[in-house]
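In this document, chain identifiers A, B, C and D correspond to the written order of the chains, with residue numbering beginning at 1 in each.
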Amino acid sequence: MVIILENNAKEGQINSVIKRLEDYGFQVHISKGEQRTVIGAIGVKPNFDIRQVKMLDGVADVYRITAPYKLASRSFKEENTVLNIKNVEIGGNHIAMMAGPCSVESKEHIFRMAEVVSKSGAKLLRGGAFKPRTSPYSFQGMGEEGLKIMREAADAYNLLVITEVMEVSQIELIEKYADIFQVGARNMQNFSMLKELGKANLPVLLKRGLSATIEEWLMSAEYILASGNKNVLLCERGIRTFETATRNTFDISAIPVIHKKSHLPIIADPSHATGYRDQVPPMARAAVAAGADGIMIEIHDDPEHAFSDGPQALLPDTYLNLMQELKVIANAIGRTI
Amino acid sequence: MVIILENNAKEGQINSVIKRLEDYGFQVHISKGEQRTVIGAIGVKPNFDIRQVKMLDGVADVYRITAPYKLASRSFKEENTVLNIKNVEIGGNHIAMMAGPCSVESKEHIFRMAEVVSKSGAKLLRGGAFKPRTSPYSFQGMGEEGLKIMREAADAYNLLVITEVMEVSQIELIEKYADIFQVGARNMQNFSMLKELGKANLPVLLKRGLSATIEEWLMSAEYILASGNKNVLLCERGIRTFETATRNTFDISAIPVIHKKSHLPIIADPSHATGYRDQVPPMARAAVAAGADGIMIEIHDDPEHAFSDGPQALLPDTYLNLMQELKVIANAIGRTI
Amino acid sequence: MVIILENNAKEGQINSVIKRLEDYGFQVHISKGEQRTVIGAIGVKPNFDIRQVKMLDGVADVYRITAPYKLASRSFKEENTVLNIKNVEIGGNHIAMMAGPCSVESKEHIFRMAEVVSKSGAKLLRGGAFKPRTSPYSFQGMGEEGLKIMREAADAYNLLVITEVMEVSQIELIEKYADIFQVGARNMQNFSMLKELGKANLPVLLKRGLSATIEEWLMSAEYILASGNKNVLLCERGIRTFETATRNTFDISAIPVIHKKSHLPIIADPSHATGYRDQVPPMARAAVAAGADGIMIEIHDDPEHAFSDGPQALLPDTYLNLMQELKVIANAIGRTI
Amino acid sequence: MVIILENNAKEGQINSVIKRLEDYGFQVHISKGEQRTVIGAIGVKPNFDIRQVKMLDGVADVYRITAPYKLASRSFKEENTVLNIKNVEIGGNHIAMMAGPCSVESKEHIFRMAEVVSKSGAKLLRGGAFKPRTSPYSFQGMGEEGLKIMREAADAYNLLVITEVMEVSQIELIEKYADIFQVGARNMQNFSMLKELGKANLPVLLKRGLSATIEEWLMSAEYILASGNKNVLLCERGIRTFETATRNTFDISAIPVIHKKSHLPIIADPSHATGYRDQVPPMARAAVAAGADGIMIEIHDDPEHAFSDGPQALLPDTYLNLMQELKVIANAIGRTI
């Protein structure tokens, strides 16, 4: 922690700040310049609330000198984390494609969608059995039956299953059927659940909250890592801004920022980010060009009658064409898809 | 739903939109102007995803004509909801004061704080036994022991207890000790928990999410109301914006907006909204002047050593002085405190 | 400037950072801790771009230790700036009321409005003769004729005139008729104009830009102060956020923040902040309660036919009633209005 | 305009709304449903303030049915606008590259930079002679001398010149030296200047304001178009959000949105959007992949000593390599660069 004192801080104020720091257990280094005094406070105090010092008389500003997360940081682990799930790698040079319907709707439907996913060369099938919906009157998901048929469809086409978990009591159930837990944006800071997922046996894809800073997002990843689960994927899905022409603002620059700050793979979800089908292909291309380690896309063969989020689902043919474009772009930056 | 067609929409496009609406079960009314056609689609379709129509060829724009929430709306219930909890009224002409430490820290401490609360004339004691913390390395709360001693302190000073619930499994436990559940900002869209709280026996104070629109906030209240619990309090605690000089931006204008759109009481929490002690009194005064039905304030007698959020806690004396100012302001607008 | 090096920064990297700082002309102080090295760089380098150092190899973070503004800061001038314009004080214990129509519309109208302003006890008449409108097809103001009749109306009722300046070429003209220049939110960073206003003879009320941080706002004030004009008023008028229920989000907490960081008076404009008449009284009351040094309110006796912004104008009677409430609230915090 | 009445609106309220609309000169169409009445109000009222109707008793909501801009809209002009400036096309299938230093610094320097630009195959040289700086103490540009030497450098390498105009009085001067005016983000709503640029003889590149919605941006383009200048380019350069890890949030989804709503070309500026050199290449690639019609990039051969924005400037070699990647991505989506 570095403490900058006011230009006109008095001797008594400075001493009182130093005393307070020592009481908190910090080692204190003082640099008196002609105009200003700067204090360095060193000591193992993870998550010390720096506002405690910021408010003291004579203090102009205070800065943390360590990121509040550790296990998620690039400085803790220099090389990229590469997950290997039943021989599917995520986080390496190959870009992982995840596709499927927003909700699991029926056995026939999820099998048809799994076929499309498989045909495209993707290895991961997405689909929700428990659905977080803004309205209590909307479709809330098929529950365990949905998990079951998604597993069958995935097995039939040799795919992995990724599906959303909404509360602690669903963890055990989902582990029976899925290969990756998905944590939705609205649960990014459901700390009770994050802790339990840290003890679970499957990797976790952690979506960024609608208004979460990148630092908070990494702190939520830290919850999972600190509880023992090292297999975390991050997923950018759009943030909330003043712009209303799109559902959210897809923060594509989060991709290089995450690559700099963390060793965890970063997946992009252009479907939720934009909310409209016709914007999904350009944003998927942009995400690959920006360096995403995976792309998650919603598809549906009858989006007008989808149980949820039909307007953002790509038709199978559009999706298959998009895959061709993505391959060329991936090659342009030395990667495969 | 009102559908505005493009200026140059073709006959075939218009007919195809009409057919689609009829397929969805809507009754359709068409108004052809010289320049433009407008379609009204009537029918009981709560939560129909209007993007389904927005994307059709020839459609320029689509508007919902009903709010997506019902039980929470002023048009459903014209008169204000006034809660009566053990003879303490919230939502009427009297402004409810809620105060206490951020975390329950020890028996002695919570008793001392309860004494201050009682002395100020407030009737509600706040304090957290389960703490949602951004970092996994921070103090996570005393748990049941904290609930127990807070109940004892409240009983000793004839106060009600309001405390945070973080997951479904805590509901039953907290009901044994508290009078009001508090749902934190980060759990505003923890839909699984909202549904369960709708079946619980205590009133629920629902904090606004950091980036929740007022409409989404009312939708979350709707989850609780629709599950059977009619006793919901809303709490504004600051929203996330680009400004970094304050912890959050206290959206005081949400107070008159809620009063217009909903019958539910609206409480203001200036402690979390600003994050700094010296901004709490002016913002508490502003909230009363703007018409808040209650004010929630964090207090601590040794904020430098508080287990959480010390920098935003008022000292007992500052709090007692503030109460005097608030009373005069309340009187200025014809209310009491 | 304080430079925090990476945990694992190498000797060579550290030396290279030091050399670079010395090349830039800084005096360098080095603190080597067990885990980390921190460098203090002292020297008179106003507006040095800290990103230059942030990007060097081995650097984890860099912090400025001086605010980028000087003349506008509380540390430069401890006592409040109190303007005295023709015996009307702004910035002292008395809260200055400014009222009038959005646009000057006709001689009869501005005289009627001036009468209302005078009757309320306010001393400042507002009104626009040059109007910044989002659309090129909207009313653009009466120009010089508007200035002339506003001056006549103000003189008839012994009021000061405050009116908006939109470009450098209008400065000389407006000086002939007005007592205070108003700079609109959209021109807050029209630096060419700010420099010229710094050489002008009248005080300047500087509105906060729609997405300006408080720091940027003070930097714009600095432009005027640095060019020689010491009479600057700041005006909070709402910032842009994701919320759409209000036109803008009224950042009332900016009031105590400005009082802490700067000696300049802070005025609040609840009319533009909310955009709707029925939210103006609660927000005006809140602003007074929060400590604003002045309140600017739009009024109109026939808002349905106002040339601009009718929906946010108060009717004269509502305005006169509001003034009574504001007086009581001002008294509650030891001020007058 | 479509007016939705309250569920429980009374006959008298409805009639009074209708009368008001007729007084305003609208033709009125009424649809009475079982639950609700909806009114269509037709008539040529560009920029009617819909809040006037929104506030009437019994009105639930009001929607505009026409975009407030016309000349900028895709429905006004279906085919893409393709500019041809001295045989350089912008807006067609070829993606226009614009590069150069942030500020013109010296004759030698701008010649060196022009050489790099030319070598890369780009046809447009950017550089500022008048600089809008947040701080009054920062470098403010070389003025006319800067324009002169940039013109010479451009002529020597057969390039077009694009440079920023900050106020009306500079228009005539810049027209002597440049080929395209650039309007900076902070001047996007400097309406006085936009009107004058509408009468000027050169095309105008209009940057999006830091917190401008896409609709407001198109309204500002409308100012220029409506004053007679049909040659307008739009430029996305990042918007302001709560995220602080990047200087701004690059709203890449604005690219497909603009292509849908408008016929004007859309340029992307990843240098200002991110603020850091290492994020410029991934974001430039993403912008091309998303369909941008041009890319503007800042370059510098000694960024540590650049007069402004050095940290976001690419070194010549990085820029030349990036151009190779962009070409492959452009080809992947059927375009050239």
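Note that in this section a contact is a pair of C-beta atoms (placed from the backbone, for glycine too) under 8 Å apart; a residue touches a chain by one contact, two chains touch by 3 or more.
Worth saying up front: this structure is predicted, and the values here are computed from it rather than measured.
Undergrad: So which chains are sitting against subunit A and subunit C at once?
TA: For subunit A paired with subunit C, the chains in contact with each are B, D, in label order.
Undergrad: Can you name the chains that touch subunit C as well as subunit D?
TA: Both-contact set = A, B.
Undergrad: When B-D is set beside B-C, which has more C-beta pairs in contact?
TA: Looking at contacts between chains, B-C has the larger number.
Undergrad: Where centres are the averaged C-alpha coordinates, which chain has the largest centre distance to subunit C?
TA: A
Undergrad: Can you check how far apart subunit B and subunit C are, centre to centre, with Cα atoms defining each centre and the answer in Å?
TA: 31
Undergrad: Measure off the straight-line distance from the CA centroid of subunit A to the CA centroid of subunit B, and report it in whole Å.
TA: That pair's centroid distance is 26 Å.
Undergrad: Report the inter-centroid distance (CA atoms only) between subunit B and subunit D in whole Å.
TA: Between these chains, centre-to-centre, one finds 38 Å.
Undergrad: Mind pulling the subunit A residues that touch 2 or more other chains?
TA: Counting only residues that touch two or more other chains, subunit A contributes 211, 240-242, 244, 278.
Undergrad: For the complex, give me every residue of subunit C touching subunit A.
TA: Listed in rising order, the residues are 2, 4, 6-8, 27, 29, 31, 33-36, 38, 40, 42, 60-61, 63, 65-66, 75, 211, 240-242, 244.
Undergrad: Under the stated contact criterion, what part of subunit B meets subunit C in this complex?
TA: For this pair, the touching residues of subunit B are 211, 213-215, 239, 241-246, 249-257, 260-261, 273-274, 278-279, 282-283, 285-291, 325, 328-329, 331-333.
Undergrad: Inside the complex, what are the residues of subunit B that reach subunit A?
TA: Contacts found on subunit B: 20, 46-47, 49, 51-52, 54-55, 68-69, 132-138, 166-169, 186-187, 189-195, 209-211, 216, 219, 222-223, 226-227, 240, 275-278, 304, 308-312.
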